[in-house]
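Two complexes, one shared chain (chain A), two partners (chain B, chain C).
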Partner chain A sequence: MADTTTKAKLRWGLLDVIVVVFALIPVLWIASLSFKTPATLTDGKFIPREWTLDNYRTIFQTDQFVRALVNSIGIALIATLVAVVLGAMAAYAISRLDFPGKRLLVGVSLLIAMFPQVSLVSPLFEIERQLGLFDTWPGLILPYITFALPLAIYTLSAFFKQIPWDLEKAAKMDGATQGQAFRRVIAPLAAPGLFTTAILVFIFCWNDFLFAITLTSTERARTVPVALSFFTGESQFEDPTGAICAAAVVITIPIILFVLFFQRRIVSGLTSGAVKG
Partner chain B sequence: MADIVLDKVSKKFPDGTVAVQDVDLEIADGEFVILVGPSGCGKSTTLNMIAGLEDISSGELRIGGERVNDKAPRDRDIAMVFQSYALYPNMTVRENMAFPLRLAKLDRETINQKVEEAAKVLELTPLLDRKPANLSGGQRQRVAMGRAIVRQPKAFLMDEPLSNLDAKLRVQMRTVVSRLQKQLGTTTVYVTHDQTEAMTLGDRVVIMRGGAVQQVGPPQELYDHPRNLFVAGFIGSPAMNFLHAAVQDGSLRTALGDVPIGDRVRRQLEGADAPRELILGIRPEHFEDAALIDDDTRRRGMEFEAPVEIVESMGSDKYVYFGVEGERASAAELEELAADAGADFTGGGASLVTRLSAESAVREGGNHRVWFNLEKIHLFDPNTGRNLTLHEGRAAGAVAD
Partner chain C sequence: MSINATPAGADVTTEETAARTGRHAAVPAQRASRRRAPLSENKRAERRLGWLLCAPAALVMLLVTAYPILYSVWLSMQRFDLRFPDQREFIGLENYVTVLTNEFWWTAFGVTMLITVVTVAVELVLGMGLALVMHRTLVGRGIVRTAALIPYGIVTVVAAFSWRYAWTPGTGYLANLFDGSAPLTERASSLAIIMLAEIWKTTPFMALLLMAGLALVPDDLLKAASTDGATAWQRFTKVMLPVMKPAILVALLFRTLDAFRVFDNIYILTSGANETSSVSMIAYNNLIRGLNLGIGSTMSVLIFITVAIIAFVFVKLFGTAAPGSDDGERR
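Now for the complex of A and B:
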């Protein structure tokens, strides 16, 4: 018996390693490229023969990239914050209240999530130009919120449904207003859900390319994924592969930090002990 | 401290179901009232309406003489203990108990003092800094009680607070609740589906069925003088025996023999629309082994002989189950009670539960002669469920005139 379990463990371990390696190879490849010199870039070696930080220096010297990084961080953070706050309120209402048109609302929000974004790009472009939102932060934040909200509402309402309703009733009996009950009792318990949603929404905003490239035209609101595609080498004929790779590595860092930071807050079993014995 | 008055309070849900219908109830200051009934009888809805967690469709609710129909729960100054305890899992025991005081914006010192006091009463002091997840069921239950008593509200509402505890702890907590209520003298409304809890705890018991109050009174009165079939069947464990009885030639033909009826009951049965078939109810303790009674007692009852099915010796007395022939008593109330108890009452002959004295020599398998007290039997109209033997509010038995 012990033999089979060891074998099973080995098998699973091997499988895990294969999956992780498979997923990580492109990332590592990019990281490796970012440390190579232009001369050795295409030598096909996984580990660079000549290490260099020139690529990183280049990208941070260009105002273009730094500016895009600021845009990206700002836009993604604001969109995440607004989407999570609005999503939390909507999800709370959906999971707790019975109001006319509830199913319709949920259905429509699902519809928005399913809608092919590419078909909305041209109308959005026209609308934003008319409204003067084109190439501004709000011009990107608004569509991001629109598409992140269904996701936020779905994830959050699942979390809210897990919180025993008795807790809210108890809070009300203890003298809390609806708002106090939500802020002091429900929200702390829904924290794992809020953080999970925040991570998902942030990743969505951070990685978006489609809206960012169509709804911006200058450095004012251009985000990193778009800025990357506009990278040029020293001359027109030089391929800025190394710099693009360095930039790609740089933009993964905030998202890793963001996830690591919030992941620690995602403690499961936070509601244990609330009800029953 | 305040009285609670329900004046024709009803609850109708948007889908049209009526959960509570015209409940009239006056709960005196400091009284301990139990709402009891099978599931779906509207007892929890009634409690939630008193709490303010559920809107009142019609009627008036007054707490301390003041109409509170439209007041939010927080403005009614009443505390509630939930069946699930509903402790805030992210707070320690101390924070849980301090929560209502913090919302009331008391100063830190007063809060601490009050929490310590309440913790002492409930023996929670060593647990104050623990989280609910690290407490046992009984401890959580006490914290829930602590959170209710800490702010000295006008009234306590308890929604089946003991039903999640195991049997032994439940009995123990029952006395804790009872003592606490007497000590604090706070008006308490307590909801339960357990008739033992209802009998042991309350000053008065309200029996509900289908959203309507069936009978209100002290536990002993409900037990001795049930107004209808439902109350009779619900209160008491083991439950009252119900037998089919046909009215024939001035007596009742039952599986136990012909039971004589007194003048008063006979007069009631003489009307044109009087039922020809009745349901006879006798409690298990009103039977006795015929060999163990003196002549004086014998005269007040009658005897029958029946095959013994099962003998359960409880030490202090014996529960003996007899198989009796004859038609089974049937009424809507009885079916409802059976469904609530999860019992399957569709067997052949009726089974009779009796509580005989421990000295009885009754044996399983044989026939045994048993006496029962005619003064203690009840007769019910199967159509209305009304207790026909009730006279001026008291049950007088079938033979009394």
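Now for the complex of A and C:
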């Protein structure tokens, strides 16, 4: 019996290793490239023979990258904040209140989750040009909020359903209004769910390329993924590979941190919001 | 509760609106009695709060999607090239004829379909495997789940650059394995690499959706099957798959629609060279590089219609249940 368990463990362990290797190789590869010196960049070795931090120094000295990084962080944070607040309000109403039009809202957000974003690119390009939103932060924040909202609403309604609502009743018994009960009692209880949703929404905004490349034209609002695709070397003759890889690693760091520290939350957020049978 | 609850939900709303304005005669008895009783102060406050809380989200979602898509239909019926703004005029369906008789459009459409079908099929198999590993592994569950989340979370453009350099002759460890040829300069190998990049990036998401389905399979059922002498494969096909069917269909629907939007990987890996453009890619090219809003919008509308058809097929033919659509019923 003990023998079969050991064997089973070994088998699962082997599968684990395959998954981990499969998941990590592309990440390690781009990290490796970012540490290579220009001379060894094209040697095709997976592990750098000579290590350098020059690529990182270079990108943090260029305005192009630093501006893009500020844009990426600012836009993603604002969009996340707004989407989570609006999503929490709607999710609370959906999971707690009885009002006509509720199913319609759930249906609409489901449709938006399936919406082909590229279909919005042409009209939004024209609308934002007319409104003066083209190439500005709000011009990107708006579509990000829109497409993050279904995710936020689903995940949060799933979380809200697990909250002990009797506490809310107790608060109302003590004379609190529905609104007060929401702010004072439920919001603190919902904090973990809000936090998880915020991570998922942030990852979504951080990741976007299509809107960022079509709705911006200068460094004013260009985010890092787009800036990466425009990177050229200092001069025409310089290969931008090292700089691109270093910048790529920099924007991967927050993702790695989220995944390392909040793996449980992300998994539960994605699975609870996604499928409930 | 299936996705077609959405139109049903809409019906309920209109029905209720009609009932409120007194035009609707044949309301079910229980419903009518509920309505005839005057709404208590509490009930009315609850409704108001419900609408109030939902209004901002609903407003943003509609303003940024419904209005532009309608505007896009309007734009698609015009000759509208930003380089020649004077020639802007209403031309009916002429743009649609132009696009639908254009071989580049159909090539891109074929490429998109191919990528969608192949990647989703492969992801279903790999994703199921990964879901089983993440759900049932006896050792290192946390490590596996953490590792699997990295492709999900990483910026697609970053991953695409990693694959591009991996396959660049001289630079890349993978290109050198295949005696230094340049796979990204040929069509078949380019498409294969695009699909590889897509599969790597999105298999974990598929696996997570499937894992949610796996969690619904009762352990007792598996044990009972095992006691009755079912092999592992029989337990998988006869017990797990039927229980997981709704989860599988939802995962397939979401991934299919997502795969159809493929853009980032193609942009970075090939920029659409050697006929590797997807529909998103040529819509982008017509808009930003060609500055042709009329044609760009026509493609937008066509992509929207295609996605709507795919979603409809899933829902009507396979009866895909929509996630969360049971929300409306639990009161």
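What we mean here is this: the second predicted complex is superposed on the first by the 251 of 277 C-alpha atoms of A that agree within 3 Å, B and C clash if a C-alpha of one lies under 4 Å from a C-alpha of the other, contacts with A are read in each partner's own complex, and residues count from 1 in each chain.
The definition used in the following text is that contacts are C-beta pairs under 8 Å (C-beta built on N, C-alpha and C of every residue); 3 or more make two chains touch, one makes a residue touch a chain.
As the structure is a prediction and not an experimental result, all values here were calculated from the model.
In the superposed model, A:Gln180 makes contact with chain B only, not with chain C.
Looking at the shared chain after the overlay, A:Leu86 reaches chain C, while chain B stays out of its contact range. In the overlay built on the shared chain, the residue A:Pro188 is in contact with chain B alone; chain C does not reach it.
Taking chain A as the reference, the larger set of touched residues comes from C, when chain B and chain C are compared.
In the superposition on chain A, A:Pro164 makes contact with chain B only, not with chain C. Common to the chain B and chain C contact sets on chain A are residues 270-277.
Chain B makes touch with chain A in their complex at residues 51-53, 72-74, 78-80, 82-90, 99-100, 103-104, 131-138, 140-141, 147, 151, 157, 164-165.
Chain A meets chain B in the complex at residues 164, 166-167, 169-177, 180, 184-185, 188-189, 269-277. For chain A in complex with chain C, the touching residues are 5, 8-9, 12-13, 15-16, 19-20, 22-24, 26-27, 29-30, 33, 41-42, 44-46, 86-87, 89-90, 92-95, 97-127, 142-143, 145-146, 149-150, 153-154, 157-158, 161, 178-179, 203, 206-207, 209-210, 213-214, 224-225, 228-229, 241, 244-245, 248, 251-252, 255-256, 258-260, 263, 266-267, 270-277. In the complex of the two chains, the chain C residues touching chain A come out as 3, 5-10, 12-13, 16-17, 43, 45-47, 49-51, 53-54, 56-58, 60-62, 64-65, 67-69, 71-72, 75, 130, 133, 136-140, 142-151, 153-159, 161-163, 165-166, 170-173, 175-176, 200, 204-205, 208-209, 211-213, 215-216, 246-247, 250-251, 253-254, 257, 260-261, 263-264, 267-268, 279-280, 283-284, 287-288, 293, 296-297, 299-301, 303-304, 306-307, 311, 321-328, 330-331.
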